[in-house]
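Chain naming follows the written order as A, B, C, D and E, and within any one chain the residues start at number 1.
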Amino acid sequence: MKYINLEQVQQRMNTRLVINTAAKSVFLLATVFGLIVLAILIYRVAADGLSWINSGFLTGRLSTDPNKAGIMGAILGTVWLMLVVAPVTMLLGVGTAIYLEAYAKKGRLHSFLQTNISNLAGVPSIVFGILGLTVFVRLMDLGGVILAGGLTMSLLVLPIVVVASQEAIRAVPNHLSEASFGMGATKWQTIKNIILPAALPGILTGAILSLSRAIGETAPLIVIGIPALLIPFPGSLMDRFTVLPVQIYYWTIDSALVAEYANLAAATIVVLLLVLFLLNSAAIIIRNKFQRRY
Amino acid sequence: ACGGGSEEPAQGEDPGSEEATEPATGDEGTEEDAAGEETAELEGSVVIDGSGTVYPLMAALAEEYMTNEQPNVSVEVSRAGTSAGFGRFLVENGTDFNDASREIKDEELAEAEAVGFEVKEFKVALDGLTFVINPENDWATELTDEQLISIFKADGGVTKWSDLDPSFPDEDINPMGPNENHGTYEFFYENVLEEADLVEGVNLQQEYSTLVNLVSEDRNAIAFFGFGYYVNNQDSLQAVSVDFGEGPVEPSLDTIAEDGDYAQFTRPVFTYLNVDMAREKPQVLDYAKFVIENVNEFAGPTGFAPLPEAELQEYADFLAGL
Amino acid sequence: MEASSGMKKGNAVNVRELIEEKKQARSISQLMEKLMPKLLLLIATISVLTTIGILFTLLTETFEFFRRVSLVEFFTGTVLRPLSQNPEFGVLPLIMGTMISSVIAMCIAIPVGLMTAIYLSEYASEKVRRTFKPLLEVLAGIPTIVYGFFAFTFVTPILRAIIPGLEPTNILSPGIVMGIMIIPMVASLSEDAMSSVPNAMREGALALGATKLEVTGKVVIPAAISGIIASFVLGISRAIGETMIVTIASGSSKNFTFDITQSMQTMTAYIVEVTGGDAPAGSTIYYSLYAVAMTLFVFTFLMNLLARYISRRFREEY
Amino acid sequence: MGMVSVKEKKEIEFQKGNEQVEQKVQQSNVVYDTENLNLWYGKDLALKNINLSICEKEVTAIIGPSGCGKSTYIKTLNRMVQLVPSVKISGDIRYRGRNILDKSFKVEDLRTRVGMVFQKPNPFPKSIYDNVAYGPRIHGIRNKKILDQIVERSLRGAAIWDEVKDRLNENAYGLSGGQQQRLCIARCLAIEPDVILMDEPTSALDPKSTLKVEELIQELKQDYSIIIVTHNMQQAARISDKTAFFLNGEVVEFDETDIIFSNPADKRTEDYITGRFG
Amino acid sequence: MGMVSVKEKKEIEFQKGNEQVEQKVQQSNVVYDTENLNLWYGKDLALKNINLSICEKEVTAIIGPSGCGKSTYIKTLNRMVQLVPSVKISGDIRYRGRNILDKSFKVEDLRTRVGMVFQKPNPFPKSIYDNVAYGPRIHGIRNKKILDQIVERSLRGAAIWDEVKDRLNENAYGLSGGQQQRLCIARCLAIEPDVILMDEPTSALDPKSTLKVEELIQELKQDYSIIIVTHNMQQAARISDKTAFFLNGEVVEFDETDIIFSNPADKRTEDYITGRFG
């Protein structure tokens, strides 16, 4: 006895295939939707801002006069901030990742640390701002300076680096470290000579991604307190500063005061996106170039 | 010179009482200081926070000072709002100046005393409380002060335009303004509404840009804020001419001046100086002097009416005495 | 070993002896061996300290706040007027604002994100996937301030042209833009979950004559469901914590309403507003900041726990 | 048709031997008929000019060292190989006379007639019942009673009914590897296929489960045509009627299993079978 | 000492047979001596009462079906098995008389004397030179000249020098699988071990490379004691002097390779060798 009637199957087949094709188009549409928004966003921003970008704008000092205003101060502020964030996050992030992946026994401590990190990854950035305000600005009495902002940002992006580094380390095949152990290498020798070099591309990618997150963050810095007008360029870790996204924020909300500020904001966005684009390209290049071959 | 200056200004001081300072000693000091400072390269920072309304004026001054006077001094201007600004001002090692679009309150002065420093009030310019409506609104371009108050007051009995005048459209009015964070709100609440509650459903916003947008896109909106925000957005807003009893007066730099026709809705804006800071840090004092000397020049372009010279002279004298 | 090292063909070097010789030098590496784990543990505790720091700062000030304002008033009050002469501290308007903006965001992000994930994981060729995924990641990497600007200057005007009565600052526009911002997150995490479903399972279904859609709907999605739902929950917690978009585009009215055309404030935007430069320490409003932040923290914390729970609990075993 | 391994032209004698094979093969009913099949992964030629006829209700074993193209060939028979995007195919494969490589031939159709069992058991992460009912359901059978019957019959057919009949609603991953593999066979039987392809179906199983599956195959061949890939020569010898020996993408020899294992025509076959390489 | 597979007490005859084996084994110099070794992964007993003596300068093959504990045993010999946290061990393993399971025995020391070659070639993602120099370097040898000598000698020893001498600075992943495996052997030779453990060193290689590695093993046994795991019985027969047959974590039989393959004492050995299971 046959339950499956081949003719019926045949008939239904056509409907099923049509539905499949229709669904595929809908899915494609959804995928493209995000990209269209991206295109519009970039087009809009470029249309508003591109004509405002010139060497004066890029190298000039901040000004209340839109025709004189430049964003060098914000660029330098961003660079200074990264000078804090990059080393601090790398040290803390990679260190934590190594500990978790190579040393911590899979037990209570390990799962506690791991849970803690994934929870930190989900804490809103503004709460980190409050932490920074309370601990670095007030308690340690640093004031709203680069160091305070940088440390706040470091803690904010720490989970990104930890998780990325963990994944990179975990992706180093066991047989490599086994080979090293098999030669009589100690654990730290193996980590230093084999695991870290092999995981480096992944770690770097994570580091770059975390930096680009830090470059774009606004809320925590606003909470820490960044002046709306700051003309001198920052010159040390203990200087007050402003950064690109904060400048965008102020110019956006002040566009009611001076209409051209909207253009300045757009122009600054173009610069910021360009920086992020470069960083992300670097990440992708690293990822592709060092694509694992083992 | 120091002794004379330092005694008086602290508490509840009325700007008028400054006449008491001796002009003679002050003059000498000023010249000396001025002579000394023209060559002296100052450095360090001056920290200013406070009113968003006063911000454009103070920012313009600060920029001028840093670019053309003392390039090594960093004057950073924030704009948290008058009250929030006082929060940062009234602490130990707080800000050097606090801009305010209302007068300092007694409690705030008391706090300064508790912390242990002296506060000096400077009026810096005059601002006209401006009521703005949508450009499409062709009926409410002229209103009496009473009508305006009745729109914003809780029991004003006005919710529709037609409540003001039967010839107006039968549509709901959307009143709005800056929120309680702002001195502008407090001035309006205390001096115009005389502390009567605001109407239910008034839309209070933190950012002036939001208000400008709201009004520019809503023909039933009416908002109040500083004259400067109107001047900069004349394309998208129109100001209500206010009839204080002698015919409608359009707010303008002339009418909002101290003796102008719009004076009833005019208010002074201030900056408050931490005098102890000025004594400690030469750049703060120098900057204060610079502000007083140049503020009138910057007032007009940023949407404020200038102060009488005499008043400024008093401040200059006071500073010279420090 | 002695026996073996003697007969090595090499005459010049005796590695065995060299190694024995260098054994002393190895005491440094032995030291490192002992030191590193301790050092690394120390570093690893920083992340714990961060959490403790957050809890500590939030809790002490929150505690002070609740000495001034009752828990009941805070959590049941529908009016938030912190600066008023007679202030009221009901947090419900902020929770409402947060919930509504998040719901709007997820209404966009979940369907679009999931469909994108399905397309990329099940339909797209390897080449398409390799171009689209980084592009979407770009979308995820755009700073939220840019999205705020976009919502305020582009999306809102368009929406206002379509929906009469929409206020220039409203919760709808930032909600939508937030949704767009979260699409890549949902898409990418769901895609990961779906691509990690073993191909063997797809092949099993295909070999029975199933179409791709049937494979996706009846095999891949059920198998990946824990990861997919976790991506939704993480998306929601991202929406709850998002700050700049709402700060710029939804105004600061503390309305307690379901009307999405109105301006509303979220918990995050409230924090920005109150800090706005620097909060006046010691006032009740200053403490309210921490109470709201604590509420926000608890919200997102619960969401994260939920996500973890889901991805563990509902993981299909295969 | 039949097995023709086109090597250098000199090997004429070798070719002659194969023609004999061809004749033998033609005696029974042909299900699958592969002609001049070439298959490339990108630029790598993985199957070289395959000619092979598979007969009805027989077990045909495909043996050969790792990487010789066994899996590739068997997956070509239900076009699963085309899931790899870089695959290019030339030649003909006729299934019951129709060329399955033809555009007009719907793969979904083909695959409802040609079931497949994979190397690693791959049940869906669903209940045992849903696993078996999956195929009938996608083909439109919703009636619970009919589904129940199909499930029971298929599980019985796969000799696993008694072991699972009390836990049909439990997740299939609770079963042992051997049970899972028989479940996969049941799942395949549920769509009432004509041919069953098996790619090393026992290589992930312990000896006991292997035995069970082998017995099952012997039974199934009453009703189905079975093509089985294995790299266990003993297994091929035990269960198959015909055996094809693949090497480097070519069919070296295809004949009755007895002949292949006792008296292979090709030296390489002999070398492989006696374990001289691989 | 020697091989004693303690089974149920009834198997007395079987035990007797083993005692004879023991005597044979004692004739040569013993490198490794395993006594009553039990090993658990968590609660699973993976090695059951293993007794085995490995002799100097011989190739000892370990065969058995998948999962019988071959890898586990060989990894116990250099304590690599302890990288799995759940592992528990009882019994003694004496390497040249000293118990390596003793706390005082540093694993690093042990592993500089006992090299290991793995199933999949696992060169480091470094240059060929750096791969070979890795071991000497971590043991403190920095002198470039000495390193050069070591590298050359090791590569020669692994019969790969001629193929790579012109590209020492290229990445090791540019080599073919078989070359990589010989490189791994060279890397292991660079620290001049006493014993070399090999876990299915050719299972990932093509027949040609397999042959090369097998030849190499034959050569290496002049200087080293080699223990090799393989599931290719032919390979064991070809290259080893002694063979141990593992089943379910136990040593079923351990004897001269010739004897194991021609005349095994145990029925299970015979069954396995003739392909009746596995």
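What we mean here is this: contacts are C-beta pairs under 8 Å (C-beta built on N, C-alpha and C of every residue); 3 or more make two chains touch, one makes a residue touch a chain.
Heads up on the chains, UniProt names are A = Phosphate transport system permease protein PstA; C = Phosphate transport system permease protein; D, E = Phosphate ABC transporter ATP-binding protein PstB.
Small disclaimer: the values here were computed from a predicted structure and weren't measured.
J.: Along the graph of touching chains, what's the shortest path length in steps from chain A to chain D?
T.: 1
J.: Could you quickly compare C-E and C-D and let me know which has more C-beta contacts?
T.: C-D
J.: Between chain D and chain E, how many degrees of rotation does a Cα superposition need? Round to steps of 5.
T.: 180
J.: Measuring between Cα centroids, which chain is at the maximum distance from chain E?
T.: B
J.: Indicate the whole-number Å distance between the mean C-alpha point of chain B and the mean C-alpha point of chain E.
T.: Comparing mean C-alpha positions, chain E is 87 Å from chain B.
J.: Mind checking the centre-to-centre distance between chain A and chain B? Centres are C-alpha means, answer in whole Å.
T.: Here the centre of chain B sits 41 Å away from the centre of chain A.
J.: Whole-Å distance, chain D centre to chain E centre, using C-alpha means?
T.: One centre to the other, that is 37 Å.
J.: When the C-alpha atoms of chain A and chain C are each averaged to a single point, how far apart are the two points in Å?
T.: 12
J.: Listing for chain D: what residues touch at least two other chains?
T.: As it turns out, chain D has residues touching two or more other chains at 108-109, 112, 138-139, 191.
J.: Of all the residues in chain B, which ones touch at least 2 other chains?
T.: Within chain B, the residues that touch at least two other chains are 78-79, 207, 210, 213.
J.: Can you tell me which residues of chain C touch two or more of the remaining chains?
T.: In chain C, 29, 209, 211, 214, 276-278 touch at least two other chains.
J.: Mind pulling up the chain C residues that touch chain E in the complex?
T.: Against chain E, chain C makes touches at 1, 3-5, 7-10, 12-16, 18-19, 22-23, 25-26, 29.
J.: Residue numbers of chain C touching chain B in their complex, please.
T.: Answer in residue numbers: 81-85, 160, 167-169, 251-253, 263, 273-274, 276-281, 283, 286.
J.: Given the complex with chain D, which residues does chain C contribute to the contact?
T.: It is residues 125-126, 198, 200-201, 203-211, 214, 218-219, 222-223, 316-318 of chain C that touch chain D.
J.: Using the touch definition up top, name the residues of chain D that touch chain C in the complex.
T.: 78, 80, 83, 85, 108-112, 115-116, 118, 120, 122-126, 134-135, 137-139, 171, 173, 184, 187-188, 191
J.: Can you check the complex and tell me which residues of chain B touch chain C?
T.: Within the complex, chain B touches chain C at residues 49, 78-81, 83-88, 90-91, 179-181, 195, 203-207, 210, 213-214, 216-218.
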